[in-house]
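Below you'll find a set of structures to go through.
In what follows, subunit A forms one complex with subunit B and a second complex with subunit C.
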Partner chain A sequence: MNYILTDEDMKILFSRIKEEYDTYGTVEKEGDIVYEKVDGFESITFGRSRYAPKEFLIERNENVLNLPVQQKKAVFGVMSCDLKGFYVMDKQILGKDPFYTQRRQNTLFVNFPCNVECEGGFCSSFGGPLLDEFQIQVARDGDDFIVSASKEYEHLFDGFRKTGDEQIRKLRKNFLKNAKQLPVEGIENRIKWDSKLWKKYSSVCISCGACNYSCPTCYCFDLFDQDDGRIREWDSCILSGFTSTSAGNVRKELDERLRQRFYHKFVYYRKSQGEYLCTGCNRCTEDCPVDIDIKEVVTHDYSSE
Partner chain B sequence: MGDITVCPYCGTGCQMILEIGESSQRVVGYSRSPVNSGKLCIKGYSGLTYNFSSERLKYPLMKENGEFRQISWEQALEISVSKLGDISRKYGPDSIAFQSSAKCTNEENYLMQKLARMVGTNNIDHCARSCHSPTAIGLINTIGAGAATGSIASLEDTETFFVIGTNTTEQHPIIGAKIIKEVKKGKNLVVADPRRIQLAGLASVFLQFRPGSDVALLNSIMNVIVENGWEDADFINSRTEGFSSLKKTVSKYSPKVMEGITGIEPEKVYRAAEMIGNAKPTAILYAMGITQHIHGTENVMNVSNLALLTGNVGKRGSGIFPLRGQNNVQGSSDMGALSEFYPGYVRYDSGKLNNFSRIWGKEAPTQKGLSLSEMFEAAAEGKVKAIYIMGENPLITEASTQTVERGIDNLEFLLVQDIFMTMTAGHADIVLPAASSLEKEGTFTNTERRIQLIKRIYSPPGEARPDWWIIKEIGRRLVGMDDYSSPEDIFSEIGRAIYNYSGATYSNIYPIGKQWPINTDNPDGTEILHSKSFPIGRGKFIPVEYGPPAEQTDDEYDFIMTTGRNYFHFHSGTMSRRTDILERESPEPYAEINTNDSRRLNIKERQIITVESRHGSIKIRAKVTSKIPEGIVFIPFHFSEARVNELVGENYDPISKIPEFKVVAVKVIP
Partner chain C sequence: MNSYLPEYFKEFELIWESRDTYTIHLPKENPGKAGQFYMLSSPGIGEAPISVASGHLREMLFTIRSVGTVTSKLPDARVIGVRGPYGTSWPWERYGKILAVAGGIGIPPINSLFDEMVGTGRGKDLEIIYGARSPSDLIYHKQRKEWAKMANVIITVDKGDPNWKGNVGFVTQFISKSETDRDGAVFIIGPPLMMKNSVAESLEAGFRPENIYLSLERRMECGIGVCGHCNVGEFYACEDGPIFQYSAVKHLPELFL
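Entry: the complex of A and B
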């Protein structure tokens, strides 16, 4: 159901949510937007967060021998591209990874769809920021907040003004009209195993791992024993020790590992889960120190190679 | 909750947002940073877990009958102070040596050198001796300031990058990445390195020259520039002196004659010279490949000669960039934690120590102090009786570790403060647990002179305390040092001791830092040095003649070994080897050897070989690669399992006392 809320209504909604959840939100810190604990709707900054809120569900490192009881958390100000990452990831790990699953079930993400496509971003290629799957989605149309709630959160909206789908449809149309959509569809068939892109990338890649760490859909981790614990830690498939076997990494060269990353995103996941493992957020490109642009993998003319 | 702080690894000084909460921990680059614009390398992202290692030192320890036992801070401080006091009274202040650390803050380095000098000795030194002491001395001689002349951001205006003796993408990855981005736009890149480093693959000209032939190579480049009239005559006339003697010297170094020494075809030297001289502005970046030689200071002065010759100082995009290894090696040197320099590079024999005597309330000592390696030699000879080491691990990082060990074992008292029980700390009488740089406040000065504030993100484990507090407690009890209340308190004294820091305050340098000099003349700091004049007036050409490295190959020792770091580890590995991802990527020592050499000697990948020099021998796995030329082996120095510094002889640059880590004659036994 959709509702039209005023600024005052949003404060009320926030306080209703706060009764059930620990509340977090996007706030500005010296020009970068980060997630912090917040106490009121007025503390939340609208804008592009510096990073995807992946740590709310997958910690950078934690002991997997102990599954702690999860606090209920609500996170305000999530970008749609980042949120979509969780829905894509769900297909692979929800119900399988108990840490992820418990946190997913106890976390309420309130996403704020953008009205204009950001520079470099290409979420329009994946349907744009007004998502079909969400918990509570807060779109803005002028001074109004057009808030959509999935069924289990409707009880929070008692007394607010209901509305139809019209404004959402209008916002979606406006967004897509001004956005540049990339020809993502079918990339799994166009992409080429021996493309020269991979060596071009490996000649400049400095193996920093930023593309994985920034990605709202990357979920791979490393496991190692430490003292009494077994720790899992965010990993990067660009590194040679990733998924190492007794014979080392089966992808010995950096260009092979870079290719694997793009093939996982655009070929394997599509074939196994029916979706691309990418939401068009552009964070990998933004955080890449040497400007490797994931959009080039999509738009490159493989047929001429 | 979190904050903006500075990465604890290399001298780039990347700013990062670190957050810790009950169930969230984040690392991300600070996007507004002029240093790294939000980018980080693998050490920034995945290299910080050492902070939470269960092996962290948590309590003061005292050795009794060969075993450490926990004691209280009060006991540890009292025992340390009474030992140091007794030794100073019995043998004189010069019987004590102090080793500071480029891993610690400006405030801590300032206090450490102040403590040494209040005790009455100039025996204060630290690892800058082993990395950039030739830079401090060389550049002060030629242009009056031992620091990068430009900023990292200013490299956007560079047309030609001349990268010599720095594996930038591995050692200063974010600066390396900056070069790559510019080169992708079509800028020129000249790379000079004995190893085929990543940047070599992107270079317009790659000069794979023989280790130790830097002077010959640089002189031959300058020879071509002068022969073709590509020098910057206006700059030379208006800003420099001594050109005629440089001209005379380089005239002897035609690329054709030098080919026998450098191994570089004249045509390549010509092309490199043409770019450096003509496609300006040119930025020259260098690191240990230039400094860690017996000719280290001469190499630095020759880099300076090239920059002056082509007028590449004082303008955006041009400049000399000594890339600093440790996060605070610029700052620790600025603070005067060097035996010949007081804070702000005032020489011990300059007669200009009054300001320090006044601030410290004690006469500043004027006798010559011992350099890092001299301290261990003096200890072995029984002249130095006690050493106080903060955050350094010389048993792995120093040349000729055998001498270090002899020296340390001959001491009456060894005091070490560190975050881990390092190999060196294991030899100590008292070990003091310190807070890491993510657990305290203070300032670091990065490779481009940017003074940056660091913030306390985590709590130190157990009873670990910040280094500044420890030094202050020892200093207060030993020599009546001030009872500083905070790092900020110390920083304001630094502003009185060093004019170039005098305008910086904790509030005006946060969050993005400011580049020194920052003072009444330059209230906002200074991005580009020497834009109108040099601190010494005119820039000096100091011509340098080629001399061979200390060690030569012969029939028996037929390989040249060169040492260095790799991408995943840092120095003695105290931090990086305790982080899972980094250790997984590089878990053991190795020796890089050329494919043809390995075939000739019948050495297989990962086979254990013996590498033996005239000084020592280690067993190590072979890593066969075409990145290194024939006749050369490369061994990183991070690993205590195979300490490559046992192979490095006691050959020192006579000017800066830096050991020659980069050229060691060895034999390889399958």
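Entry: the complex of A and C
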């Protein structure tokens, strides 16, 4: 159901949510937008966080032998590209990893779809930024907030003005007018195993792993014992130890590992889960120190190779 | 429930099989099936995926070669943790006759297979080709005698020694001479090159691609399909494998390292 809320209504909605959840939101800090605990709707800054909010579900580093009781958290200000990351990862992880699953079930993400596509971003290529799946979505149309809620959150909207789909449709249309929709569909069939792109990338990549760490859909982790704990830590498929075993290493070379990252996103996940493991947030491209641009993997003319 | 938490054992038996290979016997019934694996661990040492070496509902056995951080320290551990079973198993119940081809430390899940087939009176439907680098690397002396009572067993070494009177040569050389009828299944487990060549030999010998099964080794951290380490193309070896039907994965360029 969709509702039209004023700024005052948003404050009321926030306080209703605050009764049930610990509230977090995007705030500006030393020039960056970060997630912090917030007490009121007015403290929230509209804008994309420096880092994807995947840490709310997958911590950088934690002891898997100790599953804590999860607090109920509400997180305001999530960009749609980052939110979509959760729905995409759910397909592989939800119900299997107890940490991710319990946090997912106890976290309410309130996403703020953008009105114009950000520079570099290509979320519209993956159905963004007004998504089909969300918990509570807060779109802005002039001074109005067009808030959509999935069923289980309807009770928070008592007394607010209901509305239809027209404004959402208008916002989507306006967004798409100036959006760079990439020809993603079918990339799993066009991409080439022996493409010269992989060696081109490996000749400059410094194996820093930033592309994985910044990505809202990269879920891989490592497990190792330290002191009394068994630590799960974010891992990167770009690093050479990722697949080394006593029997050898399937991806000894950097170009093979870079190819793996793109194949996982555009081929393997599509085959196994029916979706691309990318939401078009462009974070990997922005954070890459040597300017490797994932959009090229989509737009490259493989047929001429 | 925290699926990462192992069940801990303070009481267990350690049996040395060769200079670098040992068996851990845990006083617990194995709910898993031949071909499946468990994550074995010890606090402070870490975890490793290890195939179960005994059959379904027998006491748990794991036979491990010491190769690195975890596997070299487990023999000295005071506590062994285990979680699982995980992954797919050998689909022996679907076939009349089965040829198992194992190289090196690939043999434990074949012992498990033997346990299960003998347990249902089908030991005679199994043929085993087992190869190791040298005579001193061959393990399971007692078990091999048990297999030979029921199954046709071929033992071979890559390189003999002055006392060795048995076969010399790679396991692949014996596949074409297999007594197993060609509508049967071939189960292959061992080092990547050995598996690759064994598949080629099995096809050459007349076995069908859909009846060939491989146990694939990949780096595994979680065992439950969430850490992303063990992928073989669009599959995860820990949940879609480790036992794969060859015809379902033969298109994957990273199949054999």
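Just so it is clear, the second predicted complex is superposed on the first by the 303 of 305 C-alpha atoms of A that agree within 3 Å, B and C clash if a C-alpha of one lies under 4 Å from a C-alpha of the other, contacts with A are read in each partner's own complex, and residues count from 1 in each chain.
By our rule, a residue touches a chain if its C-beta (ideal position, glycine included) is under 8 Å from a C-beta of that chain, and two chains touch if they have at least 3 such contacts.
Just so it is clear, the structure is predicted and the values come from calculations on it, not from any experiment.
Once the two complexes are overlaid on the shared chain, A:L65 sits against subunit C while remaining clear of subunit B. Looking at the shared chain after the overlay, A:D222 reaches both subunit B and subunit C. Of the two partner chains placed by the overlay, neither subunit B nor subunit C lies in contact with A:V116.
Of the two partner chains placed by the overlay, subunit B and subunit C both lie in contact with A:D235. Once the two complexes are overlaid on the shared chain, A:V267 sits against subunit C while remaining clear of subunit B. The interface of subunit A with subunit B overlaps its interface with subunit C at residues 222, 224, 227, 235, 244. Within the complex formed with subunit A, the residues of subunit B that make contact are 1-4, 17, 19, 21-32, 38-42, 44-46, 49, 54, 169-170, 173-174, 176-178, 180-181, 184, 198, 201-202, 511, 567, 580-581, 584-585.
Interface residues of subunit C, counted against subunit A in their complex, comprise 1-5, 41, 43-47, 65, 67-68, 71, 191-192, 217-219, 221-222, 224-229, 231, 233-235, 253-254, 257. Only residues 29-32, 34-37, 50-51, 55-56, 59-61, 68, 70-71, 203-204, 206-210, 213-214, 222, 224, 226-227, 231, 233-236, 239-241, 244, 286-291 of subunit A touch subunit B when the two sit together in their complex.
Subunit A contributes residues 64-65, 67, 92-93, 96-98, 100, 193, 219-225, 227-228, 230, 232, 235, 237, 242-251, 260, 264, 267-269, 271-272 to its touches with subunit C in the complex.
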